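Please go over the structures that come below.
Each of the next two complexes has chain A plus one more chain, namely chain B in the first and chain C in the second.
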Partner chain A sequence: MKNILASVIGVMFFVIAACPCNADPSNDALSSSQPPTTFKLVLSAKENPEKTTNPLDEDYHEDENLDEYANNEIKEERVDIADPLESVNRVTHQFNDKLYFWAVKPVAQGYKEVVPESARISVKNFFSNLGFPARFLSCLLQADLSGAATEARRFTINTVWGIGGLLDPSSGKELNLQEQNTDLGQTLGVWGIGQGFYIVWPVFGPSTPRDTVSIAGNYFLDPVAYLNPWSARMGVNVLDKVNAASLRIGDYEALKDAAVDPYVAFRDAYVQYRYKRVKARQAKWSSSPGPAETSVPANPESSKRGQ
Partner chain B sequence: MKKHFIRLFAIFVILIFSVPVYAGAPLDSVKKCVNEVIGIVGNPKLKGEAAKEIKKEKLRVLYKEMFDEIEFSKRTLARNWNKFTPDQRKEFVNLFEQVLEKAYGDKVLSYTNEKVEFYKESKLSEDQFEVQSKIITSSKEVPVFYRVINSNGKWKVYDVVVENVSLVQNYRTQFNDILAKDNPAKLLEILRKKVSTH
Partner chain C sequence: MKRHCLIKYLAIIVLTFLFCFTSPPAATAVGLFGAPQTVSRDDGGLNTAIGYRYYEDVYNDAADIRFRQNEVYSQVAYGAKNTWEAYARIGVADLKIEDVFKDNETFFATLGAKGFYTLNDQFGIGAFVQGTYYLSDFNDTVSRNKKIAIDHLWDVNCGIGFQMTLACGTRLYAGPYVYYSEAEMSLSSRKATLGYKAGDFSLENKSLAGGFAGLDIPLTKGFRLNVEGQYADSFSAGAAISYSY
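Presenting the complex of A and B:
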């Protein structure tokens, strides 16, 4: 008797644990996901009575139903950018491509052979720790006080306990202080300044007038820029770039090989990436001062938390 | 009698809890496919160059299972899709698949100790979801989002968003750029050339 009871409880536990009845509201949607499909089919059949079931014969339709979720930030976005300098940019793009394949990649590969991965990650951590001033300032300028506090704590902890930034104890599970992925270009974006047009800088790569501010700002905010003999500064910068490249060998090649027109592919990837970053920072911004504020106030100071 | 009752009760409980197992939530369905990919790639029995083709063949089958290829192609062409004749569409779907295989096949096969974590699904519309995952390597975390659509009761991927960059949109921009100047036949020619080189 006891045995049977135990096995019933066991079976129940197993069944409950394995059942996909999580509290996720999407499950409700799942059960209701059938009717709209049929509805759509009926609709399209009306438009086109002699329609076959072959999806190849169906026309492309925009996702009208996505508009209902216009407030949903992950809705499919269509971002584009003006490219008045395309002919010049294509030349610079070629130059950067050659720079990568002829100089950066061979050096990074040699470096990768000699330096073990753990050491390269430490070097990456070190340089990323030095990027603290730009990230901290950007958080402040975006009125993201919690982000700024996170950055300040990260910098202190990683510098002191992370042996000058070589280790990154703050992003571990216990402290969970993640690096704030932001910069001055994003700050301008959060303030409502548009991206402008596409520029490819030699060495620095894809950019826009707005994001060029980051390149310029980093020149003043990066401690490395204050190293005295210029040769030391150059050396450290090259180490930073080569080290970073050694951890990413293959990424550039993969994106390039996948592209039909690499220039356009990189332009689009850059624009999409920056757009989503600014969007994410804006969401953080507008979620802090009050409910449902989607437009960006002209004065960033007015939206400070706690006002 | 009591024993009998308990047995009946157990059967009843099992029946009740097995009802909500429909097509499977979007997250589970993508997760299942990705785990199968990892299983194929990491299969210790399939090692070396010779096994590469076998793996690729298995991945091809899985690709068809996981992706809605026509939806995928259609979205990369967007409005331009309507300019293609049915034959051209068929060829495009085929060529686009080969472009993807060429670009990402070896990349997928080279994955070894990366960990994949699925953590969220969000609703885009009644029959579209975004399943969020991340690939964790020793030096970085790469967010990978799969957009899935309900295609005849099955959740099929129609877009992959890697590090905030949507694959569909990336190709759409490129194809749009070409189709703004040239006709569909020219685009197909470019793709044919791309697939045959290397």
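Presenting the complex of A and C:
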């Protein structure tokens, strides 16, 4: 009974990995008046000369003039994602939201009060250093040998001279070895696999079938996953998540408050963020012509546009 | 006048070297002492290091017992104003006595501090104190029913270092130190083993003084290489690579 209770409490803390972590507050929320199973993210209109189906565009005629101007100056691209599970996703989104406000945030705030910021940054560095295997493997699978070498050097230097990863000398001005922000989901994207449809996992938060591979892959590549007994593993994971949440209290709230429909806002933010990450990785890889990210196989509208 | 000073300080360093390496047998201490002057930023900052040292020493009770150890350690230090530094180390070491006793991977912790006084652009003098404690015991079964355990091994060292700054920021240093170390040894057999007494008894280092000398060489991008030799009963040597934040 005690074990079950402990595991339930532990799992609750994982919600920190959910909504706030991948959100980009700079994104605009889309209107909730959109079609229920698809939303559209305007990134490039060059490949989409036909009129958009977004009702918002019909309302703001002056924006169309701006778009005409932008067509000459800025390359834009439309990225779609299907949302066939929207009704379920909205429920899990709500669940994650409550979990964050009722459990994670209070604990993170208490932790923040007790632990000074420099110590929390050191803990973050430590867990980031432990994420080396996933990033290293992702770089290798993307044929990004320089990225893999950078990761290997970072890991060595931070482990040896960074007191087991608590400090991050590699990111300093002199060494300038920046962390490769990549994962297995991005690797699949670089290799041309589309993101599929939008899904919100309880506790883990926004994802897609492609990015769900990251959740599974990172689990097996995370050294913490091999800790025994399970209570120690759970404790370390909770520390990681609470510490991470304590360093970004307010981000989630800011995006949520700015959104008309938070669910749509987070979906927008998540998809755009992931899309940009994959594009960035492809750009790094583009010396050899890498396959472009296909958009959404599950979305027939995007298939028509050939994305 | 300047030339006269240089000759004087060089003479001091040479005499120190001679003192260190021709003095009667004495014990060595645990861990590199490093250059007297900190490698941290002038306005204060951390520096970290990883080091290795081969160490050989003679302990004495009824008979001389020669300890041999390989030590690997990680160090974090904070220093400022080019004048002082406090440091802590944690590491692992093995222990070998003659060809009979051998044990691996015992953790040790070291705390130390050093101060430095600049005489002029090239020369300076400093002092240090550091202590080490082994967090668990070494033990080995030397024959079927005979077991030796070395427990509560600790040491404390303090010394004086003379430093000369060479080209490209390389630092040459040398000096004498005094040292005390103690451990408890227990034999599980009633029969005499290796010529030692049975039961529990205390070991101390045979002599009290030694000498050390080393080089601290700047590498690239904030890294430095420190090589150091210590001589007493036997020669011990080690190297460390440090990084200054």
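Couple of notes before you dig in:
The rule is short, and it goes like this: the second predicted complex is superposed on the first by the 210 of 307 C-alpha atoms of A that agree within 3 Å, B and C clash if a C-alpha of one lies under 4 Å from a C-alpha of the other, contacts with A are read in each partner's own complex, and residues count from 1 in each chain.
In this section, contacts are C-beta pairs under 8 Å (C-beta built on N, C-alpha and C of every residue); 3 or more make two chains touch, one makes a residue touch a chain.
These numbers were taken from a predicted model, which means no experiment stands behind them.
When the shared chain is aligned, no partner comes close enough to touch A:Phe101: not chain B, not chain C.
In the superposed three-chain model, the partner touching more residues of chain A is B, compared with the other of chain B and chain C.
Contact with neither chain B nor chain C is seen for A:Phe220 once the two complexes are overlaid on the shared chain. Of the two partner chains, chain C is the only one that A:Val160 touches; chain B does not reach it. In the superposition on chain A, contact is made by A:Leu175 with chain C only, not with chain B. In the superposed pair of complexes, A:Val260 makes contact with chain B only, with no contact to chain C. By the touch criterion stated above, A:Lys124 is placed in contact with chain B alone, chain C being left untouched.
Within the complex formed with chain A, the chain B residues making contact are 2-3, 6-7, 9-10, 13-14, 17-18, 20-26, 28, 70-71, 74-75, 77-82, 86, 89-90, 93, 99-100, 102-104, 107, 121-130, 138-140, 145, 147, 150, 153, 159, 163-166, 169-171, 173-175, 177-178, 190-191, 194.
Within the complex, the chain C residues that touch chain A are 46, 48-50, 74, 76, 221-222, 241-243, 245.
The touching residues of chain A, counted against chain B in their complex, run 1, 4-5, 7-8, 11-12, 15-16, 19-21, 24-27, 29-34, 36-37, 54-60, 62-63, 65-66, 68-69, 72, 74-80, 117, 120-121, 124, 247, 250, 254, 257-261, 264-265, 267-269, 272-273, 276-277. Interface residues of chain A facing chain C in the complex, by the touch rule stated above, are 157, 160-164, 167, 169, 172, 174-175.
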